[in-house]
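Each of the two complexes below includes chain A, the first together with chain B, the second together with chain C.
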Partner chain A sequence: MSDVRQVLREANAEAVRRMLAAEPVLIDVVAAADAIPELGEGMILHAGPPISWERMCGPMRGAVAGIAVFEGWANDLDAAAALAARGAFQFRPNHDFAAVGPMTGMTTASQPVMVVENQASGNRAFCTINEGLGKVMRFGGNDASVLTRLAWLRDVLGPALGMALRSSEGIELKSLVARGLTMGDEMHQRNVACSSLLLRSLVAALASTCGNRTILTTILSFIASNDQFFLNIAMAMGKAITDPVRDIKGASVVTAMSRNGTDFGIRVSGLGDEWFTAPVEMPDGLYFPGFSAVDANPDMGDSTIVETIGLGGFAMAAAPAVAGFVGAGAPSDAAHITHTMREITLAENPEWTIPALDYQGVPTAIDIRRVVETGIAPMINTGIAHREPGVGQVGAGVVRAPLACFESALWALGKRLGVT
Partner chain B sequence: MSDVRQVLREANAEAVRRMLAAEPVLIDVVAAADAIPELGEGMILHAGPPISWERMCGPMRGAVAGIAVFEGWANDLDAAAALAARGAFQFRPNHDFAAVGPMTGMTTASQPVMVVENQASGNRAFCTINEGLGKVMRFGGNDASVLTRLAWLRDVLGPALGMALRSSEGIELKSLVARGLTMGDEMHQRNVACSSLLLRSLVAALASTCGNRTILTTILSFIASNDQFFLNIAMAMGKAITDPVRDIKGASVVTAMSRNGTDFGIRVSGLGDEWFTAPVEMPDGLYFPGFSAVDANPDMGDSTIVETIGLGGFAMAAAPAVAGFVGAGAPSDAAHITHTMREITLAENPEWTIPALDYQGVPTAIDIRRVVETGIAPMINTGIAHREPGVGQVGAGVVRAPLACFESALWALGKRLGVT
Partner chain C sequence: MSKTSELPPAQSPLEVKATPVSLIQGSPRVVNVGLSGFAEALAAQGVAVIQVDWSPPARGDADLATLLSKLSD
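Moving on to the complex of A and B:
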């Protein structure tokens, strides 16, 4: 038994070491098929653990139909849904391909993906470009306006961003996020600081590489008007940081938390790529005018990768304004939420600190043993999608990761280590 | 006596009303001589209350010599100093011409000034463009690199910014500052959020109006690399907000606090444009490597206009990271400083609120009676200049406005109202 404790301790120390040593840099934007060679015709990567068409929620089905039309695999949404029901598409989690996607998380061959390289370990991770607010595919939107915007991302913005990034040395994300934490961002439901800082970092390179003044103006307007532009970059960064932590024998550190709108799933370092799932919960949140909890889809998206690295709900103390936006209580209570997350994590990140807490680091490396022992579930800041396909975002809130995932993972880890 | 109280109460209510009703908008950049027709050859506007060459501190003299060379009134710095000593230049406070300037605060005919219009009352205020960090004229720098940069501001950046602003509807500053307060700025020693938000607001207009890609790239690089770019805009905004508050009979609200490096001066609404001065104090601060308190010049600049409208030291609670930067104590103590400033102010600004204080407004409208009664002097966040000409910034700190100014102003106000 003490041998097992020793294995766990050393494995977790290594997991923490790798997580904190990461050096994520945004280096490029390329077509998803170039980043992920397996991505062929009819293959659709989605958020969360594996799921079949039959079990997909409304917005996920809406997004699948939309992206199939976008890729030219179907002439219209009804035809796409019929194809999906007949099994014409191959559905796989983003997480199996070093990718992540917000909400429905559609990733297909021709979409542009941002490339974050973890320069401490050499691995790369990918995420599509944030579409902005309103009717968007990540929230299940799939009409002509949504597909037209996706085409513009593919044909104009993606290539321009890629060219600007390749002309520079990339954007070093660790220091950018450190700065964002001193500016009220938690990088999940609030990214206004990091989005602004990113634009500042890229703007000269964009101006010097984009030869067409009208296109440049349109690109700058698009990025400048989207406070959540950075979210997808934070997500790719999270994936780039956690992927090298997979598969450390005996480590009880969470390497992914993710939801497909039906199931919540986690992965644990000592258990490789196995998913431990439980039914996903309903967010507890605030709704946009005209919507209420009856409209809400259960929790969805790969964006919980940011909580997995100590941001989002875990960094609530850095972002008192978000506490009100997601309905998590008074802004002055935000510090309490961060302190609570210290109960279930193994480290503080010395490079990601919170001024209002006198520069304590964000709580990092969720330990499934601590979650099960304390009964404290990870706190997640999230957007809320309408439950019907095609509508879009209806609010924002907080949600807890279901404890059952952590319990079954701990059971499996014990078994793997010869403890029962 | 009760009549006097009634007059004071009504006058101060009007002062607060005007201060909170202001609608400052950044609308243009023009040559100072176009904004201020009185600005002719040999006329130099400076920070703080009136001062003669003989009483000017080192960095102020350095800046005077430098700007005289820049304007072509002298061939070199020595000749310029000799001319100044002979009385060849006319020295006047910025504040007499709806202008403000940081630190030495040089404003002369050919320099570009940013124009902030208070659309509630129609008045305009002016401030030169922030030069960036390092060796700069506002800290007394005056060598060739400083003058070359000033020429670039005059010939390239100023005209480009003016064109971009005129092509847009201007930048509404009240909401931009409100946002900055949720992002860790106090708009005096920390402007990284507002500088980033300003760039976001202007970038598309700059790209669409600037026809030369190389120039556009240089301009964007300059703005994007200067975290304090917004300070001078915040100052012009402060002047635009406080000017309509001047000269309300009986009002005991401060309309200007300012320092020339030798004297600290205040103006009070019920006392029009009269200055009440006292010897300026030394900042208590943190120094850049290689410098210490023995190098420091006493407090200097018109930038205290931001404290006059409830920002800077008064909004310390919004900017816990600044507390450490200026050596004002632990970040977690920042809220205490803002609460203390409530003791000497008449209102909270309902549009400029601080999330960490559960959206309390910044303390606004300093009442000289409260300052004298409580003995609490306004808290100012400031940069620190080297005491010798030509060196530049050596640190940042906090300083208190000297109580003697408030005492002599209160005495004068009582006399004006027939109370002694």
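Moving on to the complex of A and C:
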């Protein structure tokens, strides 16, 4: 028995070491098919653990139909839905391909993806470009305005960003996020500071590589008007940080938390790429004018990768304004939430600190043993999609990861280690 | 560390008895462990109370608690 505990101690120490040693750098924007060679015609990567068309929620179905039209696999949304129902498309989780996607998380061959390289371990991770707020595909939007914007991302913004990044040495993300934390971001529901810092880092390279002033103006306006532009970069960064932690024998550290609008799934280092799932929870939040909880879709998206690395709900104390925005209570409650997340994590990140907590580091490396023992579920900040396809975002809130995922993972870890 | 001979003399039985009386006469100071409803009820009556979050390990699941004991330091 003491050998098992020793294995766990050493494995978790290695998991923490790899997470904290990561050096994520935004280096490029390329077509998804170039980043992920397996992505072919009819293949759709989605958020969360694996799911079939039959079990998909409304906004996920809406996004699938929209992206199929966008890729030219169907002439209209109805035809796309019919094809999906007939099994014409192959659905796979983003996480299986070093990728992540917010909310519905659609990733297909022609979409541009941002490339984050973890220069400590050499692996790369990918995420599509943030579309902005309102009616967008990640929230299930799929009308002509949504598809037109996706085409602009593919044909204009993606190539321009890629060219600018390739002309530079890339953008080092660890220090940028550290500054963002001191400026009130938690990198899930608030990315105002990091989006601004990113634009500041990019603007000279964009100006020198984009020869068309009209296009440059449009690009700068698009990024500058989107407070959440950095979210997708933070997500790719999270994936780049956690992928090297996969498959450390005996480690009880969570390497992914993700939802597809139907199931919540986690992966655990010592259990490789196996998903442990439970029914997803409903967010508790605040709604845009004209909407209420009856319109809300259950929790969805790969964006919980930011909580997995200690940001988002785990870093709520850095962003007290978010506590109000997502209905999590008063600013003083924000500190309590971060303190509580310390109960279920193994370390603090000394490079990502929170001024309001006397520069304590964000809680890092969720330990399934601590989650099960304390009954404290990870706190997640999230956007809320309308439950019907085609509508888009209706609010923002907080949601807890279901404890059942962690309990079933703990049983599997016990079995893997030979103690059950 | 103090030597035993330096410790103050033990209280007499009479002094010990007086302690609960002073507790009742003064305002209670409460630490509530576990279910927060008790703390909230006291707070609603103006009683100063400190809430300590606690719940049985593994939400009271004996099998999970046993498993945890095998996997935890």
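Heads up, the rule we're going with is that the second predicted complex is superposed on the first by the 420 of 420 C-alpha atoms of A that agree within 3 Å, B and C clash if a C-alpha of one lies under 4 Å from a C-alpha of the other, contacts with A are read in each partner's own complex, and residues count from 1 in each chain.
Here, contacts are C-beta pairs under 8 Å (C-beta built on N, C-alpha and C of every residue); 3 or more make two chains touch, one makes a residue touch a chain.
Since the structure is predicted, the reported quantities are computational estimates derived from the model, not experimental observations.
Asks: If we overlay the two complexes on their shared chain A, which of chain B and chain C does A:T374 touch? Say first, second, both or neither.
Replies: It touches chain C, and chain B stays clear.
Asks: Does chain B (first) or chain C (second) touch A:P350, or do both, or does neither?
Replies: After superposition on chain A, A:P350 lies in contact with neither partner.
Asks: First (chain B), second (chain C), both or neither: which does A:P279 touch?
Replies: So A:P279 meets neither chain B nor chain C here.
Asks: Touching A:P331 in the superposition: chain B (first), chain C (second), both, neither?
Replies: first
Asks: Touch check for A:L413: first (chain B), second (chain C), both, or neither?
Replies: second
Asks: Going by the touch definition up top, name the partner, chain B or chain C, that contacts more of chain A.
Replies: B
Asks: Applying the document's definition of touch, where does A:L216 land relative to chain B and chain C: first, second, both, or neither?
Replies: A:L216 contacts chain B only, not chain C.
Asks: So in the superposed three-chain picture, is A:G40 touching just chain B, just chain C, both, or none of them (first/second/both/neither)?
Replies: neither
Asks: Considering each complex separately, which residues of chain A are in contact with chain B in the first and with chain C in the second?
Replies: Comparing the two interfaces on chain A, one with chain B and one with chain C, no residues are shared.
Asks: Applying the document's contact rule, which stretches of chain A touch chain C when the two form their complex?
Replies: Interface residues on chain A, with respect to chain C: 1, 4-5, 8-9, 252, 340, 369, 372-375, 403, 407, 410-411, 413-414, 417, 419-420.
Asks: Under the stated contact criterion, what part of chain C meets chain A in this complex?
Replies: Interface residues on the chain C side: 53, 55, 57-59, 61, 64, 67-68, 70-73.
Asks: Under the definition above, what is the set of chain B residues touching chain A in their complex?
Replies: So the residues of chain B in touch with chain A come to 179, 182-184, 192-193, 196-197, 199-201, 203-204, 207-208, 211, 213-214, 216-217, 220-221, 224, 320-321, 324, 330-332, 334, 355-359.
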